[in-house]
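There are two complexes below, and they share subunit A, which is joined by subunit B in the first and by subunit C in the second.
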Partner chain A sequence: MRALKLEFYKIRRKKIVLMILLLLAAEMMWAFMSTSVSISRNPDHAVWASILFTTASLNGLFMPMMTAIIVSRLCDMEHKGSTWKLLGALDVSRGRLYAAKYGCAAVLLLLAVVLQAMLMTAFGFMQGFADKLPAEWLVRYIGGTLLVSLAAASVQQWISMTVRNQAFALCLGMLGSFVGLTGGLFPEAVRRWLIWAHYMDLSPVTIRYADHVATFVTQALPPDIAAFTAGTAAACFLFGGLHAARKEI
Partner chain B sequence: MRRSFAAEWLKLRHSRIGIAITVLPVISLLIGCANYALNREVLVNGWYSLWTQVSLFYGEFFLPMLVAIVCAYACRLEHMNRNWNMVLTAPVPAGSVFWAKWAVSALLVLAAQALFMALYWAAGLLLKMPGPFPAETIGWALRGWYACLSICALQLSLSIRIRSFAVPVGFSLAAVLAGLGLYVAGKGVYFPHSLLTIGMHALNQEPLDPRSELLFWIMNPAYALLLAGWSVRGLKRRDVATA
Partner chain C sequence: MSAATIIQTNKLTKKNRVHELNLEVREGEIYGFLGPNGAGKTTTLKMLLGLVKPTAGTIRIFGENLRSNRSSILRRTGSLIESPSYYGHLTGLENLRVVQRLRGVPDKNVEEALRIVRLEKHRDKKAEAYSLGMKQRLGIAMALLSFPKLLILDEPTNGLDPAGMEEIRELIRSLPGRCGMTVLLSSHLLSEIEQIATSVGIINEGRLVFQGSLESLRARNRGEIRIATGDNAAAAGLLMTRGLRPETRNGRLVLGSLADRDVAEINRMLVDRGIPVTRIEERKKTLEDMFLEMTGRERSL
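Presenting the complex of A and B:
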C-alpha cells in the first residue's frame, strides 16, 4: 500500500489526470454528438442503450491509446530519471514495485471509466431518455471496460518497463487502437484472441441490423471472452513482473 | 542547417524507428484489403474502392499518430541526460535545430507514404483489380504528405516543450478528433489534421473546389511557419528544464 501511495506521490505534478480528462473530453464529445445526430434522425434511439453502445464502440479507439499513455508515463519517469537503480536498492521487492505501478495505472483507468459512466448518465438525463436508468448495465459497462483496459495495461507495462524506448510501447498502443477500431471487421474466431477488440464484446448492449433497421439489443456477458481477457491480464502481469524483476538494470 | 540535418540523421542510426514506420502501413493495408475482399460485391469501383478501404483508418487516424511518434522520437534524445543544454549551446542557430528535426521527420513520413503506396499497388495486383493503376492516388498520397508537414511542425512544437514521449501522442489523438469534427463541419481547411483528411482524400474522392484547393496549399505552410516561429522563439527564450 505504501508503494502504491508513493506512485501517486511521484505523479502528483505529472498532469496525468489532465491528460486523461483531455482524451475523455474528446471521446465523450464525439459520443454525445454522434448519439444526438442518431436521435434526431430516429427518435427511437433516445434510449440509454444508444449512448452505451456508442461509447463502447469509441472505447476501442481511445482506451488502448489512453492506457498506453498512462502506463508509459508511469514507467518513463523512472527511465528518464535513471531511478530504477534507486528503486532496486530499496528494501522492497521488484515484484511489489511492479505491482504498485500496475495498481496506480488501474486506479487511473478506473477513474476514467467511472467518469465516462457519470458523463453518460448526465447526458441521458439531459436528453430525457424514456427508459429507466439501467444501473446494472452501467456496472457491467464499467466492469467490462476496466477488465479490457487492465489486460491492455498489463501488456503495455511489460513493454514500457523492459524497453527503455517508449516509442515501442506507444506503437503497440496505436496498434491496439487500430485493432479496437476495426475489431468489428474481424471474424469472430480471430477477434476473440485480440484483447483490444473486446470493448464491444464485453459491453452490455450491442446493435443488430435487420432489413436496414438498426436495433439495440442486450447481450449476455460472454464468459469465454471475459475469461480470456482476465487470463491475459493475469498472465502478462505475472510474466511481465518476473521479466522486469530478473532483468539487469 | 546542413550540419544540423546531418546530426539529426546521425542520431537516427540504429534507432529502429523504421519498425514503427513499416508496421503501421502494413497493418492498415492488410486490414483494408481484407475488408475489401470480404465486401467485393458492394465495393465495385475497383482501385478507388480499395483506396477507400486502405486509406480510411490510415489517413484519418493512424498517420497523424505516426507523425506524432516520429516527432516525439526526434526530440527523445534531447530530453535525456540534459542534452538540450548541449544542443542549445552548439554553434548553430535555434532555427536550424528545429528545421533539421522537421526535415528529418518529414523525410521519415515520406518514407511511410512511399511504403503505403507500394503496398497499395502490390495489393491491387494481388487482388486482380480491373483497369490500370490510378495515377491520381500517388498525388493524393503526396498531398497527404504535404499536409503532414504542418502536423510535423505542430507535433515538434509539442514534443520540444513536453518532456514526456507519450503526452504529445495523446494530444495527437485528441487533435485527430478535433480535425474530424472540423472536417464534418466544413471547416477542414483551417486545421492541420483535417487538412490531412482533405489531402489524402480519405473520406471523399471528389476534387476540391478552387477556393478550397488554394486554401489547402496556403494553410499548410502558414501553419508550419507559425508553429516553427513559436517553437524557435521558445527554444531561444525558455529556460531548459532538466530532470
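Presenting the complex of A and C:
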C-alpha cells in the first residue's frame, strides 16, 4: 500500500489525469454525437443499449492508446532519472515496486472507465431514454472494459519497463488501437487472440443486422474470451514483474 | 582490537568484467576503490548492492551473506551508483520524500540530510533545474537519508568543478566521525583517493592488484640510487665488476635499491679509483607512478 501511495506521489505534475480527461473528452464527444445522429435517424435507438454499444466500439480505438500513455508515463519517469537503479538498491523488492506501478495504472484506468459510465448515464438522462437505467449492464460494461484495459496495461508495462525508448511502447499502443478499431473485421479464430479487440466482445450489448435493420441485443459474457483476457493480464503481469525483478540494472 | 569487517568478498567474479576479487573493508574506514575507467569498479559496486548478479564468488556484508539477507543488508546501506538518480519533475525535497517513504525514516532525517549537503535553500526547486553539483549532492542526500552504517559511493565527484569536488570530499571525510559510517568510495583519480581514503584497493582489468593502507602502498615503493660522476663510463665498468648492473639515464648511473652501507662502499671505491663523485641521490616513485605501473597505464587515464 505504501508503494502504491508513493506511485501517486511520484506522478504529481506529470499531468496524467489531464491527458486521461482529454482523451476521454474526445471519445465521449464522438460517442454522444454518433448516438445523437443515430437517434435522430431512428427514434427506436433512444435506448441505453445505443450509447453503451457506441462507447464500447470506440473504446477499441481510444483505450489502448490511453493505456499505453498512462503506463508509459509511469515507467518513463524511472528511465529518465535512472531511478529504477536507486529503487533497486533500497530494501524494497523490485517485484513490489512493479506491482505498485501496475496498481497505479489500474486505478487510473478504473477512474477513466467509471467516468465514462457516469457520462453515459448523464447523456441517457439528458436524451430521456425510454427504458430503465440498466445498472447490471453498466457494471458489466465497467468490468469488461477494465479487464481488457488491464490486460493491455500488463503488456504495455512489460514493454515500457524493458525498453527505455518509450516510442516502442507507444507504437504498440497505436497498433492496439488499430486492432481495437478493426477487430470486428478479423476472422473469429484470429480475433480471439487479440486482446485489444475484446472491448466489444466483453460489452453487455452488441448489434445484429438483419434485413438492413440494426438491432441492439444483449450478449452473454463469453467465458472463453473473458478467461483468455484475464489469463493474459495475469501472465504478462507475472512475467513482466519477474523480468523486472531479475534484470540487471 | 581490530575493527570488524563490514564488506568481505571471496573470489567475486562477473564474467568478462571482474575476476576473483577478494575485497575487505573494515568498520569506520574510508575505503578508496581505485582503478582506471572500465576496470570493473562500478560492476563490483553493483554486485555489492545486488543490482548485478555475480557469476561466481560470495559477498558478505555486516557478516551476512548478501544472497540470503539482501533486504536486511540494504536497510543499513546507502548508495550512489554512477550518475545521481532523481525524479526531474519533483523538487529536491519531494525526491527525498520518495526515498524517505520507502525507507520508512522520520522527517527529521530529511531535514538533516538537506542540511548536511547544503541544499536547504534549494529544497523547493525542481531537481531538473539543479546544477550537476547540486544533483550530485541530492544523490548523496538520498544515500545518507537513513544514516546507514555503510555508504557506497561510485565516483561521487565525477563532472564537478574543483570547488564542488573539494566540497564533496570534505563531506565524505567527515562522515565516519560525524555519523559512524564506513564509506566505500570508487574513483579513477589517485589524488582524490589520497586525500580522502584511509585504505585503498586498486583494481585493473577486473583484478585487484593491491589492497591495504596508503602507508603500506607507499612502503612498497623502494627507491633507486642515482649517481653522477666525472666519468660515468669508467664508473659503470667498475660497478659491473662488483656485480651491479647500472643503467645510464640523463647523465646519471641508475642503480636499484641499495642499503646505506653499500652506497657508502660504492662511493669510497669510486673515489679511491680517482673517479670524482659529484652527486648521489635516492629517487622514490610517486604514488601516481606506482598506480600507473600497477594498472599498466603510463599516460593519462
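By our rule, the second predicted complex is superposed on the first by the 249 of 249 C-alpha atoms of A that agree within 3 Å, B and C clash if a C-alpha of one lies under 4 Å from a C-alpha of the other, contacts with A are read in each partner's own complex, and residues count from 1 in each chain.
Simple rule for what comes next: a contact is a pair of C-beta atoms (placed from the backbone, for glycine too) under 8 Å apart; a residue touches a chain by one contact, two chains touch by 3 or more.
All figures in this text were calculated on a predicted structure; none of them were measured in a lab.
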Partner chain(s) touched by A:Lys80 [first = subunit B, second = subunit C, both, neither]: both
First (subunit B), second (subunit C), both or neither touched by A:Met174: first
First (subunit B), second (subunit C), both or neither touched by A:Lys10: second
Contact breadth on subunit A, by residue count: subunit C or subunit B: B
Subunit B versus subunit C as contact partner of A:Glu248, first or second or both or neither: second
First (subunit B), second (subunit C), both or neither touched by A:Arg2: second
First (subunit B), second (subunit C), both or neither touched by A:Gly95: neither
First (subunit B), second (subunit C), both or neither touched by A:Pro43: neither
Set of subunit A residues, in rising order, touched by both subunit B and subunit C: 14, 80-81
Complex interface listing, subunit A residues touching subunit B: 14, 19, 22-23, 25-27, 29-30, 33, 61-62, 65-66, 68-69, 72-73, 76, 80-81, 165-171, 173-175, 177-178, 181-182, 185
Subunit A residues touching subunit C - in the complex, by the definition given at the top: 2-3, 5-6, 9-10, 12-14, 77, 80-83, 85-93, 248-249
Subunit B residues touching subunit A - in the complex, by the definition given at the top: 16-17, 19-20, 23-24, 27-28, 31, 34-35, 38, 57, 61-62, 65-66, 69, 72-73, 76, 79-80, 163-167, 169-171, 173-174, 177-178, 180-181, 243
In the complex with subunit A, residue positions of subunit C that touch it: 46, 49-53, 70-72, 74-75, 77, 79, 81-83, 85-90, 94, 97-99, 101-104, 127, 142
